[in-house]
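The two complexes that follow have subunit A in common; it is paired with subunit B in the first and with subunit C in the second.
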Partner chain A sequence: MKFLQTFSVARRTIFLSLGFMMVLSVVRLITNANDITSSGTISSTLRVATPILLAGLAGLWAERVGIVNIGIEGMMIIGTWFGGYGAWKWGSWAGIALAIFAGSLVGLLHALATVRFNVNHVVSGIAINILAAGATEYLSIIFFKGQKGGGESQSPTGKGGYGEFDMPFLTGGRVGSWRSPDILGWIERKHDLPLLPDLAGFARGLLSDVYVPTLLAIALVPLTGYILWRTRFGLRLRSSGESPQAGESLGVPINRLRYQAMAVSGGLAGFAGAYLSCVFTSTYRQGQTGGQGYIGLATTIFGNWNPFGVLRGAILFGFPTALKFRDEKNVPALLLVVAIVLVVVAIISFTRQKQILAMGLLFGSALSATTYFLVDEVPQEFVAATPYIVTILVLVGAQQQLRPPAHAGAAYRAGENH
Partner chain B sequence: MKNQRLQRVLVTSASSLLAVFVALCICAVILLITGKDPIQAYSTLFGAAGDIKVLQGTLNRATPLMISAAAVAIGFKMNLFNIGVEGQMRVALLATAVAGAAVDLPAPLHILFCLVVAMATGAIWAAFAGWLKVKRGVNEVISTIMLNFVALSLVAWAFDSFFTADSAPGVLLVKTKELPPSAWFPDIVDRRLNGMFFIAVLVLVLFYVLVWKTKFGFQLRASGANAGAARVTGVNPKRMVMISMLMSGALAGLVGMRALLGDVHAYQNNLAEQQGFNGIAVALLGRNHPLGIFISALLFGYLGEASGRLQLEDIPKEITTIMTGIIVLAVVIINEAVKRWDDKRIQHKAALALATRVVAQ
Partner chain C sequence: MSENSESRSGPLAVELHGISKSFPGVIANHSIELMVRSGTIHAIVGENGAGKSTLMKTLYGMHQPDAGTITVNGQQIQFRNPTEAIAAGIGMVHQHFMLADNLTIIENIILGAEPTDNRGRINFGAARERIEALMTSLGATFDPGTNVSELGVGQRQRVEILKVLYRGAKILILDEPTAVLVPQEVEELFETLKRLVLDGSTVIFISHKLDEVLTYCDEITVMRQGTTVAHTTPTQVDRRTLAQLMVGSDLPDPSGRETKVGEDIRLQVLGLNVASEIPGAKLALQDINVTVHSGEIVGIAGVEGNGQFELCEAILGLRPKLSGTISVDGSELSGSDTRTRREMGLSYIAFDRHREGLLLDAPLWENTFLGREENAALTNGPFISRGKIEADCRSIIKRFGVLTPSEHVPAFALSGGNQQKLVVGREMASDPKILLAAHPTRGVDVGAQAAIWDELRHARDNGLGVLLISADLEELIGLSDRILVMFDGHITAELDPNTATPEMLGTYMTGGEIVTSL
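Our next item is the complex of A and B:
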């Protein structure tokens, strides 16, 4: 049953994104903001969303086994540092590997504190965040200061070499040394048509100039779904997050599972950090994560503790930032998108007899549309705050639909409940 | 009875001391591995205690830490995590800087006005999280983290768009309009120790009275110790959440006031940064008790003040941040271990008493 549910979520993701594409297409035709569905924006969304996705998956693995991981940010910080160090010494892939290793060690530290010593999960997470910030600053001074291109707060430039991917025939990737035609690119430039160029842009964005680590991160979504919902290991792991006492009574090694899941969680967060310091940019910089670990945590909640939901959340949260990177002028068009989406949700909730909610949504929609006609640009601070505001709104409005693991964050000691 | 209480106090302070000691040892190992001399580092770090200037600086740095730790601790007392002290502080900082510069009042009243504005705005921002928890059942850890970032963005935007004052040409640092001198909190030692220190101590004293000597404090502690039992005896948990969140927010508003009223006299980016977060570490080490908070705030204040000297010896001062992190982790781990050991000891004692009675019969 659970497994079927994951797949219905996957299908819903496809439907939702198609619907969203139509809204975007309409808005594009109205506003002439051609960039909002261009392949450039989509591929840049993927790039921005990758660390958020990884951090979200880190939160998912931790909470599914029953441990709240506020320390994702700290684990990411460790990941950025070790990623930067590895990339500088040996290249990007070595940096990523080193960061995953270091991240999982920190994950294990969190597990040690919470499982072995029964420390409050939030407190341990906060301690890890403090520790990670201090440790990386200290290590930077020891290892990077005085090196060529490095300094107290940044690493020397990495060697790079993470690789990019272009699909042949559809997006002009190379077959051997021959450059194949760029069919999707050709369709995408026909801006007067509705929907078609948007879909082409969407597909082209997904298939061209994609960083290989991003592909890896996306592959982790179905992989996580498979492991957690289709294997015996996953079933046991989730039992630890739902009701460890019940699992324990059936002989499930709860504590061992918690260590394993936290190692995975830390590794994912480390990967997220390394992505920032050796793929997205080529140097480690102090403060590079900028709260993305917390956005990851928000994504876990927004995605309803489901890998496909996390992917959806990461793309949604990455999209405004990507659009801003491309061209500041496109961001106001998003207000119109919000207005249309809110109207759709209002209609749905009206049919479900939730008149008050529907009225509120319509009001929000009108507000958003009016703002679109009044302002020329959206301050970047609002773009930055979007993921947090959306998460709060989801927690306020859709609390009933959210299904967190029942035991996440609660104290548990093996053998105590007999 | 008295004896037992003394015993508990001793055990508590011993475990906190042990945590600090463990952190010192681990940091010594880190220093050794990275090729620095730990003995030299610690003698520099703690040798600074002889300097009166360092001690004044310690008290000055401890001031905001004491207040933010009290803000965190009041929530902790009923198992309520207010991670949002940083955000509440930030909102209060900008609001107070703007409101304080807009009015004209005689000196003591003006300061009072500023403090009240700060407390009110901090409480309002915290009220969001309280409302979310009470009305919608949203976990306060998540909501306060999210609200921190919203506050950060909102304040940055409002500051950039509306409240930056024209600065003198050539000055790059942007600030709000400066507060009139009547709103400046006087220094005790010029430019070294601000009078807000007394406010912080007052906050801790009031915290003690409120939590341990009033009905509200009893209800607060009861809700924390056993929420179910407290509810049965007629304590309204929702009301308690809301009140403690508002109080915590009001205190959070005061955290930045030493920097604003006592030092910079205007809002600027990064003003009082991290002081809200650091309060969490202080509250944990101080075991949510005013006296413990006072001592831990002094310790962290001292580490911050004296760490600058390490730079001169070519030892990165960031070692003190690592130390802070390890102290927090060590103190909670040791507390938990001690609690288990204590439980076992009491169980053992009870079992022994029972056994002797059975034998006597």
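Our next item is the complex of A and C:
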């Protein structure tokens, strides 16, 4: 059953994470870089990963219905602006709601262009990106310029107001006014033990100081899985992305589904944008998205159009970024992590009779291990590029069997099946 | 064939009376009379363009007739759309499958008619139960939880039938269902259909393959030029009369030659061995020796999958050989790529025109240019010359009688026969020395068949050597100067078409031996 397959990806994700934790634990013991598995790193990974996750889900909803959404970046930009505006006027939650609404409208615009007027999906998406960048700048001049703290390229500081979440007993959350003990925090500080503090750090990172919008975003992963693989609406939506002719011949309203899915996709991208301007920071700034919409779309693809795969991709990307944000001294340790991961993947490739790939991976592993042992200080540019390099390496190593929705991006006109 | 009182007894599932339908400029159907008895397999035969599909679309509610009445199970009905036809118990299995590869069999079947609770959640358990029950009645054995992408053509067709049955259809229309099937699958399909009929369904079967119609169907209605011309049963007609009813005139005959086979050796294959795609399996081709002279047609008989495809690919250089030599006009081909081989005078009518022969979405002029990009007559230096190519395409269209409004329409807009004529025309246009013709008239109507045969004969008389691979034994016997039989990667027999019979060929093709006292 398709649905079970979806969750088998979830199981594999857990399995992979455990393996990865072990690698990290070993590296931590070798390098004494205790921060690489600290709860702080994990929770900041979550924060960095959330907008990418949302953008990835936006891509998933669009491509599953058969529309390639290059415009996610633009929809995110719209989301950052309206998030900033809403947060300034009424508070963060209003900002998020407004951004979701605005993002949906842009999603519908993309649907109008691609479904109604059969514009090439990529062309329409790029147009939306350009339009969004221009429109937000224009809106900023009208609404933010001259306001206290605002300007042509940024909004006044927004009102806060989304909640944070701490798990009682495990991470020191409050029960009433009493502060419960922080058990995980205690284990985490036992740095001499292998694996245990790493797992504790991981769990504590997931359960303490978590923004409620992050929890919402994570909840969207199984929810997406449920809707797309369990409900009538979801099956029809996926049929539109696989073979709209088949759906049409059975009376499925393909075009209507495409509008609906694009509204969801745009809303998710808007949420991703608002996360940047009202949760991660409290102001809208021009260029705040920094290409995260594209990275999100990449996680759609490398996550094999599966919500759990997207989650995995987002975290994979978020982790090195978070490490870099926290302390650049963590980056050399990351090199050692890469070296070990590449060896593991090389062994797997070798058993799958892919000798050439395995050799290449071993070479890459040797290279990054040597760099770690020879170089004391990593150049600044390399630090900035590390997250991207790690992402690419791991994705190359992963060598998944990617299977896109068969009809994504293809032109379709109702009633023209041949 | 006149009316037959016996075949007119029993309750009628479908009765069409005086149906006419015209499209702007064309009368597609006029004064149709069709009576389908309940619980039978009823064949509708006719050439491509005889109006079979238009008629079935009328019955399925895809469009409305201009005149006439439709009666289903004794009740006169008008269908505004397929949904109403489905509600009346009529289901249609389209010629081109409408399946989503990445969805499971269950998902494909229930799509649009999902069993759900009131919150829109699909009850997969109930769906599976229902589908498995239907599968048992069909004799299908796949797991409905697998993806359709893992199914073969025959199984996909079964899924299409299940889709229709799942919606409660009792009258099934199958539009040329065997066009895409190999012989074993055809047999399985008819077994399935017989089970359905025993369970009380009625099958309307559109085809132009007379053999299967005569073997498996209960009654036959013949269509010609937009109307029904005869109603008969397999016991009352033979293949020849039925074909004449379809065409309205005498049948074309593949045989006949006045010229002699030439002396020059055009194609010589010596000791060819080719490995199988599956590692460790036995050789796909083993010690193959074939010689084709100028002006000679050498037929290759064999059940599909016995090495014919591999032989063509090896000759074309698409598949590596283990050992042996292949030469055209005396020059060895080893080491030369496919393009060089084609420039040396090899031409190829591919096994599957949709997969290998044509770009279906591309216009005809691009299709006739395919594989001839180096032809100086069609290019201006490094640039292609669209004017020359279009003129060339028009001449192919004219010479081979391809029915098309212009050279600008996409290839998918043509009927199968016309597509095939275009492919044959393209392959002949470069004046080849050797033509590898795989099933040159497969899925083609009688008129197009005659035209293609004429061209092959004509080219042969002008010195072309042809390696003819065909499943149509009459075509093989009629056209060939020699027939080789392939079985299991070997050439197992060489026969003289003057003495060979289809029965003899059949025995050799299935690995049998014939003891002769020659």
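Note that in this section the second predicted complex is superposed on the first by the 392 of 418 C-alpha atoms of A that agree within 3 Å, B and C clash if a C-alpha of one lies under 4 Å from a C-alpha of the other, contacts with A are read in each partner's own complex, and residues count from 1 in each chain.
Just so we're on the same page, a contact is a pair of C-beta atoms (placed from the backbone, for glycine too) under 8 Å apart; a residue touches a chain by one contact, two chains touch by 3 or more.
Predicted model only: the values in this text are computed from it and were never measured.
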Subject >> Contacts of A:11 with subunit B and subunit C, given as first, second, both or neither >> reply: neither
Original post:
Looking at the overlay, does A:245 come into contact with subunit B only (first), subunit C only (second), both, or neither?
Top reply: second
Original post:
Who does A:352 touch here: subunit B (first), subunit C (second), both, or neither?
Top reply: neither
Subject >> Partner chain(s) touched by A:256 [first = subunit B, second = subunit C, both, neither] >> reply: neither
Original post:
Can A:127 be said to touch subunit B (first), subunit C (second), both, or neither?
Top reply: first
Original post:
Which of the two partners, first being subunit B and second being subunit C, lies in contact with A:236: first, second, both, or neither?
Top reply: second
Original post:
If you count the residues of subunit A that each partner touches, which comes out higher, subunit B or subunit C?
Top reply: B
Original post:
Touching A:406 in the superposition: subunit B (first), subunit C (second), both, neither?
Top reply: second
**OP:** Starting from the residues of subunit A touching subunit B, keep only those that also touch subunit C in the other complex, and list them.
**Re:** none
**OP:** Can you check the complex and tell me which residues of subunit B touch subunit A?
**Re:** 30, 34-35, 81, 83, 132, 136-138, 141-143, 145-147, 149-150, 152-154, 156-157, 160-161, 277, 280-281, 284, 316, 318-326, 328-329, 332-333, 336-337
Original post:
Residues of subunit A touching subunit C in their complex?
Top reply: 1-3, 230-233, 235-236, 238-239, 242-243, 245-247, 249-252, 403, 405-406, 417-418
Original post:
Can you name the residues of subunit C that touch subunit A in the complex?
Top reply: 82-83, 94, 96, 98-104, 107-108, 110-114, 116, 119-122, 124, 145, 163, 412-413
Original post:
Which residues of subunit A touch subunit B in the complex?
Top reply: 68, 70, 113, 117-120, 122-124, 126-128, 130-135, 137-139, 141-142, 291, 294, 297-298, 301, 379, 381-382, 384-385, 388-389, 391-392, 395-396, 399
